[in-house]
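Here the chain labels run A, B, C and D in written order, and each chain numbers its own residues starting at 1.
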């Protein structure tokens, strides 16, 4: 039984709290949040104690911490928790600054503790089935990977301002999917973007519509499309063109209902957003974390991969600003 | 080069005239119609002569006649044309009266001339692909065949009154598809129907919504669903449940366009009616008739099959009226 | 908090135990089963006590019983539990004998206790969405309802022998869906069947492939297709042809993955069987039972509806045997 | 009746000859080809004369010429035909050299003759339906256009060597679709490519897998994906993400048949290549050319648009070579 402390009792923290509670091999024992009432409410629901972070990290009965605090605290908390001998699952991104993230990686690796990054999409059953099929050689060798990721609606501009920009905040998920599927990291990236959805996003120095092309050392290519708005819901698709065929993961829809009438055939749209689409993925993510920690096997999405994805995001940000193709720094 | 005379210059006659003209192995030389202006107009377009039926049948240079006149003339014209040594393609149904159709079959077979019935759906490329797959054993042995055939809108009640009823007029196509796919004729039929679309159809003694279940000697079953109205267009689907799987032919749609928005995903509806759906089938039907006549091989939809389908339609009509399962008479 | 006792610790009992445990408003306190080790195992998992049925029914702290025992005990247990003042959720069918089921209904109604029948499909989110759309008038008035229900593989013949036959055992679900969607009970039924999947099923006096046509007083029709085998999984589809269009509920598939290659485009098949397809439906079913009992509102699938479905199943059985259309007895 | 001469009797010339013959308003009167037997064979089939180009251009009874010769002759023939007072339909691309194409444009415009470029995809009924829906405002304003164009198999390397490279030869179609749908020309382009399908293509200095991102003055983006190989056939898809939704044109498939079995659900793949997919588009293209010439209205795909698409292709070629985003020269 893994004793777990949750740092951060916001929306995503509450999602993880459910997974911890639902898993027969883990137990939520402590919750910390800078906003005391949030910690209190979640702790009560979960039958856990409200504790401060120092107390959590020095408590030898706590085996693991799940970091779901604001991004600017991630690196510090990862380092501290790993140094305290805890297994760590931290939400993405590791940091908004690549050098800081790399330093965190070095320190954490020195601790020898397992540190996993919350790249939830890898655990989506559909994407996992796609990877299984691809790895089995069903379409031969990948030549062109395409990832579509459109949110239903943009977040508040206040969030945009501290988000690190679309590549670090949103596309980082797709950059991880790319390295996970392609089994390699890109050597160069070219990125483009515009503020078309909301001029306020442009005024905040960010874009809401973005395209990135990733170049691999062996010539393979990957195209990622991002938008902060899709009027029809959360659009999450992957397709891989390989030497023997095309592999696609289509959206999950609200139902299997369709209606044919004089205006056409109307079927259900994709489920609304990530909570609807990835709830099962969060549960599986947690289960795989618990399995890895308990069995001493590597975690399925390492801190190194989290830093590697950030390195591509940083290069993409630079590419968009300069109009140049940018080399991806090694991690 | 097959010299062809067309009897009947109405809507379906004009469809066939196009196929005759488009085929490099046939030539339309004569047109007859009780309505002289219709014959005149079509003959002019086709570069053919307007002639009366007697003249056509006694002209030794005419090889084949295509009968597209009103149903009540079919048996007489088939007999006369076959007796005159012409190859015959006649529109369905052979007759509204089974005994009359059987007599026509006996006489026509005595003539030795090829007589084909215009069961156009057999020549639809999708249905033909379904049959090829089934015959190749892709789903093992058929256990339950299901045929859906919904028209977009009912014909005028005046037409209903002389149509012979839904089973002889409309379901006869599905009854032919069933014998074609199952490779056998049913031994019993149970049929049901209601006038739900238009009370005037009920007042005319017919139904507009009908279901028939066909029973084969070896226990296999077939369900046919008919409606005179589908607000979304012409619904023409087939599915076969076999021991190894399910084979389906879905509708042909107006386009491959879809639009996702806040109200759902809207895609194209089925093409409107038989002219849109089966135009290619009419061309292939004609080509196969020409091939069979010129090569001396059997025509692909024989008069005997036309009479057999009519026998099932007659039994279905009787079943609906009596509420009993009815034996299908042999042909 | 509803205190619940579970009668029957077999496969479906264990499914319900999970729903009871997962619901915040209910608690499983007792388990009974004629097979003591099964009761023991489930009780331990659930933190409940093993008790015999008499003890359960006389315990005033138990609010509700869920009956998941063998069919031949359903009527007796419903009567006893209702008489003991318990709310009841009983698996389908109510009984294999209509007269016995009707007697059970009379006694249970006299008790005033809520008695719900486990028609789980009503609670499937897709079918519920279909009903919502239909009830909203999206396709006008229903004219022809079609229900497809194919199991992936037949049960053991030993089960078939005590099942009451395909109409009472399997089609009863579809008969309930029909009354639920059509808002009416059929006045007549015609049914047909064959043993095509397994001759041993025929030798046991049952069929494995069946078709039934239901006739409503206002002329509407319903066609139900059943097979005990579908090589591609559990095929559960509904379509309603209405005056303004067609409403369809398609299957739930194993994933959203497809693969295009030289042999075609391969996509996922339907999920394997009822546990995969209807797990969520069982949870919702239980939640609606708890809601109804706690709020004193009618349960969503009443014992009367269970008996009404059985009446149609019995008429269908008779129809198949006699080849006649059979009147459905009123309940 | 438009009297037409066909220059070039190769594969695409024969496709156009059929369209000319099938159209009631045009007549093929002359055929020229450097390979005399090809000209002879096609002329005989079409009932036209074999003539040399000079004779054709000086014959005042010839109204229009269709240029389907090798690319290196296009500019010269367009200029000569326009100067001779003929209406012109010329296959794409206008030229492999942008300056030469611009000179051709200047001269041709001076002639006042209608000159159309054979961008056949605009006339595909599905793409036309997509444009109609987009222009009607169904998805609001376009933000991100995505075009997928994968050939089933690469052409011979000998062809690749004289093709002008993938952007001028293959992507030029997609560049035209982009300007047609977006109603604007891009200001910048970034392009990438690799030789992954066949090393011989790389050795010939070309790529077989390419991605281009187009940048519009108002910030809108377009992504084009090209591959010379798709094991499943000709993949021709378009999607537009707009402020109110997503508009998609999916592939045309070989049939509507699907087969569900233990291995999944297998449906038909896309039709094999451009002759199968775009035969109807070629007919409509020709009909619209005839209409425009006869009515004196502008042709639907002008020489200027052909040169504009070439300008983007040239910028894309340069971008791929330099790794820079490149400004698109104005035309």
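Throughout what follows, contacts are C-beta pairs under 8 Å (C-beta built on N, C-alpha and C of every residue); 3 or more make two chains touch, one makes a residue touch a chain.
These numbers were taken from a predicted model, which means no experiment stands behind them.
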{"item": "A-C or C-D, whichever has more C-beta pairs in contact", "value": "A-C"}
{"item": "From chain C, the most remote chain by mean C-alpha position", "value": "D"}
{"item": "Between chain C and chain A, distance of the C-alpha-averaged centres to the nearest whole Å", "value": "41"}
{"item": "Whole-Å gap between the CA centroids of chain C and chain D", "value": "58"}
{"item": "Multi-chain contact residues (two or more partners), chain C", "value": "139, 230-232, 244-246, 260-262, 268"}
{"item": "Contact footprint of chain A on chain B as seen in their complex", "value": "230-233, 253, 260-270"}
{"item": "Of chain C, residues touching chain A in the complex", "value": "125-126, 129-130, 133, 138-139, 244-252, 254-262, 268"}
{"item": "Sites on chain B touched by chain C in the complex", "value": "139-140, 143-144, 146, 150, 188, 190, 192-197, 209, 211, 213, 215, 219-221, 223, 225, 227, 229-232, 235, 241, 243-246, 323-325"}
